[in-house]
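Quick one: this structure, given as structure tokens, is what I'll be asking you about.
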Amino acid sequence: MSRRTRLLLGGVAVLSAVAGVLHYTGAPSVLSFVVAGFALAGIAWVVSFTTEAVGEHFGPAVTGVLQSTLGNLPEFFVVIFALSAGEVVVAQFSILGSIFANALLVLGFVIVVGARASEDGVMRFSARLPQDTTTLLMLAGFIIVLVGISSNTHDRASDDIVTISAITAVAVLVVYGLWVYDYLRSEPAGAETGATPSSPLRTSIILLALAGTGAAFVSEWFVDELRPTIDQLGISAQFAGLVIVAIAGNAVEHAVGVVLAAKGQADLAISVVKNSVSQIAAFLAPALVLVSLLFSEPLTFDLAPVYVAAFLLTVIAIWQVTGDGEAWAFEGAALIATYVILAVFTLYE
Amino acid sequence: MSRRTRLLLGGVAVLSAVAGVLHYTGAPSVLSFVVAGFALAGIAWVVSFTTEAVGEHFGPAVTGVLQSTLGNLPEFFVVIFALSAGEVVVAQFSILGSIFANALLVLGFVIVVGARASEDGVMRFSARLPQDTTTLLMLAGFIIVLVGISSNTHDRASDDIVTISAITAVAVLVVYGLWVYDYLRSEPAGAETGATPSSPLRTSIILLALAGTGAAFVSEWFVDELRPTIDQLGISAQFAGLVIVAIAGNAVEHAVGVVLAAKGQADLAISVVKNSVSQIAAFLAPALVLVSLLFSEPLTFDLAPVYVAAFLLTVIAIWQVTGDGEAWAFEGAALIATYVILAVFTLYE
Amino acid sequence: MSRRTRLLLGGVAVLSAVAGVLHYTGAPSVLSFVVAGFALAGIAWVVSFTTEAVGEHFGPAVTGVLQSTLGNLPEFFVVIFALSAGEVVVAQFSILGSIFANALLVLGFVIVVGARASEDGVMRFSARLPQDTTTLLMLAGFIIVLVGISSNTHDRASDDIVTISAITAVAVLVVYGLWVYDYLRSEPAGAETGATPSSPLRTSIILLALAGTGAAFVSEWFVDELRPTIDQLGISAQFAGLVIVAIAGNAVEHAVGVVLAAKGQADLAISVVKNSVSQIAAFLAPALVLVSLLFSEPLTFDLAPVYVAAFLLTVIAIWQVTGDGEAWAFEGAALIATYVILAVFTLYE
């Protein structure tokens, strides 16, 4: 492990400790919230980093499975604590926000940087992963659109949104499982580098366990301070979820995608972002819908019409931009602009 | 004609006779309905089979035209009898159900089987037919979406849904006609095998006539028993149309697509299913809208919002999955899951 | 300048003068409107023609920039005068109509003619421009859909449609600027023919200035006579905007696209139409939203639900038809049919 990594790990630990102290000593909410947000962003990075380090000892398939299940641990805890605090809107918009932040903002920057890094101004990558991501997102989108319309037109099915959400969540999870199985099996085995793993297995597992535990604690403090912060700043819960929580939970973690794009590793950059998006939409979200059945106010696929449309259009937009395996800088800018438009909207909600 | 075919033909004849007896002797509705359903599925297969046999005597172009017009005779009769019984919802959902069953369920199975049959797990086929089907479905979808929104927002055009449906139906039929003309003309003439047709022309025509007549009778019994069956089982008319009628009218007939996929004949398998979908959406549906003007309650393109969205998303989903000429098993699973989600929905309507 | 061009220029001048005389002498509205419409169509052609002639003196990049900004001068004036007369619906539907007329009607004819002109019945062109146009249209569509849904569901953001429209208009303009910059830079410099420009620079600039001034006057007369004509003929403002104004402002000007397609110049034909569509949607429309803040009733992205859906489906349809760089005649027919369906709809509004 490099000196720089050790320093960063120490920094995240200190930040998390400070967030805890501020939370339990009743410091001003906004301050506690901001510190917890930075700590959470740091922990998200540690989870991502240690998951990979553990995987290095077992080969790409295991790394893939680990990343597909543990990669969004911080988002998972944020949503669970939001649900247990009865904040269903915050819970929903944290998930949605993670999808939008990754699919529009992070992907947009990856494309702008990747296209500028390429000699002829075009970022080129395999079209398969973008196509697969689109298929998984369309499936989730199908449920979201149907549930959203049913709920808004108050048809008969709208009385059974919780049941319908749970049953259809299982359908999405099955398809996601099949995809992960197919995808990992078809990955070239030669992708395994045979290089010496950067840190011993025991260290990596301990770090992962610590990061997981840290994520659980810091998420709770973060969610606890969210409502007073929203009220104090006078911003909408939608803006908080879609912009603030989403960037805290994803932006730092996925800065790595932008770095990879700058280095010209287009395929890897795209796969970091795309896998994260499909994971949240087709694994984390349906899994949380099922887990949330244990809470008094369960999570469903029922969203306000504006966000149903925003989800569907985002799916179509990223398909259109990346589905042909080529992306120009202005296409990345269009995705970033789409995110800005959405953020402007939530400001006025 | 093989011994097996003769046996199956005999079986369909017996089943149809039993359906007639049950219907006229006032047997319990559910029993009569189930037997009529199986008989109808059998007749759908006979129509498909004899249409091809007649076509063999004239070459692929004539086969194409025959299949494009007669291929959905059973669905045609079901809808006509449903309309004459004043069951507009059943009529609409029979058509919609045929589209969904073919485009999602049958196509999904074709892809799963075809991808598994391929050595590298990818089913490959010409992208042209899927693209053409998408164009035709988008055109039908344009009307459905506009009419659906107009009707639901009660704007001024909503008073003229019947007229608008009729005029726009003509537009779709013209485009469908141009497509059939272009498509048949561009088919390689060498596709004609020159093999001896499997049965004499006269036999085939007689069988087709018998099957057509049978379809007319059995459809009427089937529709007659539908309403009491729905009421007795307590299921929604939507579920009956989308799932039961659709599978009776299509699933057996199109099992042939799955068989072709298993044999590695990817292009043929895709074309059986795709042609059927575009035929129903861009020929049968608008034709029925025009024919239905003769009834007191005409058929229109006006659907409940949930089904408008389901139609549009289905068009986009099958375009996304098949438009690139490649399909993985998980994509087939995603289409099947989409059908399951829709079926779950109709259960609660 | 050829004799034919001089004659046509003279004709447009005479037509414009007649339109002025009819307007100021209080001739019957329908007559004044029709003459002003033809004069406007002629002026649109002169603007398009002189813009190119001026550009010829500076190379393709300058031509591109000129065409991207001045190309829709007549539409610009029509919308400005409609807004200053308080006719917000006419203003909106003139812009929308220009998009639909170009994207569906003109593009449809270009494809039908281009496919027929090709030996194997397939029109082939570079897929890049259609993909770029789709990206720009999707961005505009994202705003239109979000604003439309917000306004129709009366959520909180619906009170701030004017502000949201203005802010998001800036986002679209920035992306359009980046696209023009990228697009012009990547155009092969060799596209410059080096041929002697067809007329001296001074003549071209004078003609362009005259055409611009003419456009301003004739647009005002055209808009002035529009409302009495609508009332007299009993047609809807939507039909007037989507069909009559759109065809006056675009059809003649873009007949050039159809001519190019007939000559087998597929790429050029597609680019004339596509550039015009993205220019109106991603430059003219957001620019007018900003300019209109000066008027008492500003222009926003808020449309009736039917037209929101029509816009989105049009974007998806033209992407589907042209995104693969190939188009068959029936696909062109499908686009024309889509326009007809939309026109039928507006007839009943």
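Chains here go by letter, A, B and C, matching the order in which they are written, and residues are numbered from 1 within each.
Please note the rule applied: a residue touches a chain if its C-beta (ideal position, glycine included) is under 8 Å from a C-beta of that chain, and two chains touch if they have at least 3 such contacts.
As the structure is a prediction and not an experimental result, all values here were calculated from the model.
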For this session: Write the angle of the rotation needed to overlay chain A on chain B, where the fit uses Cα atoms and the result is rounded to the nearest 5°.
Result: 120
Exercise. Looking at chain B with chain C, do both copies bring the same residues to the contact (over half shared) or different ones?
Worked result: different
For this session: Compute the distance, rounded to whole Å, between the mean C-alpha positions of chain B and chain C.
Result: 40
Problem set entry | Multi-partner residues of chain A (at least 2 other chains) | 316
Problem set entry | In the complex with chain A, residue positions of chain C that touch it | 127, 131-132, 134-136, 138-139, 141-143, 145-146, 149-150, 153, 155-157, 159-160, 163-164, 167-168, 171-172, 174-175, 178-179, 182, 186, 312, 316, 319
Problem set entry | chain B contact footprint on chain C (complex, rising order) | 121, 152, 236, 304-306, 309-310, 313, 316-317, 320-321, 324, 328-331, 333-334, 337-338, 340-342, 344-345, 348-349
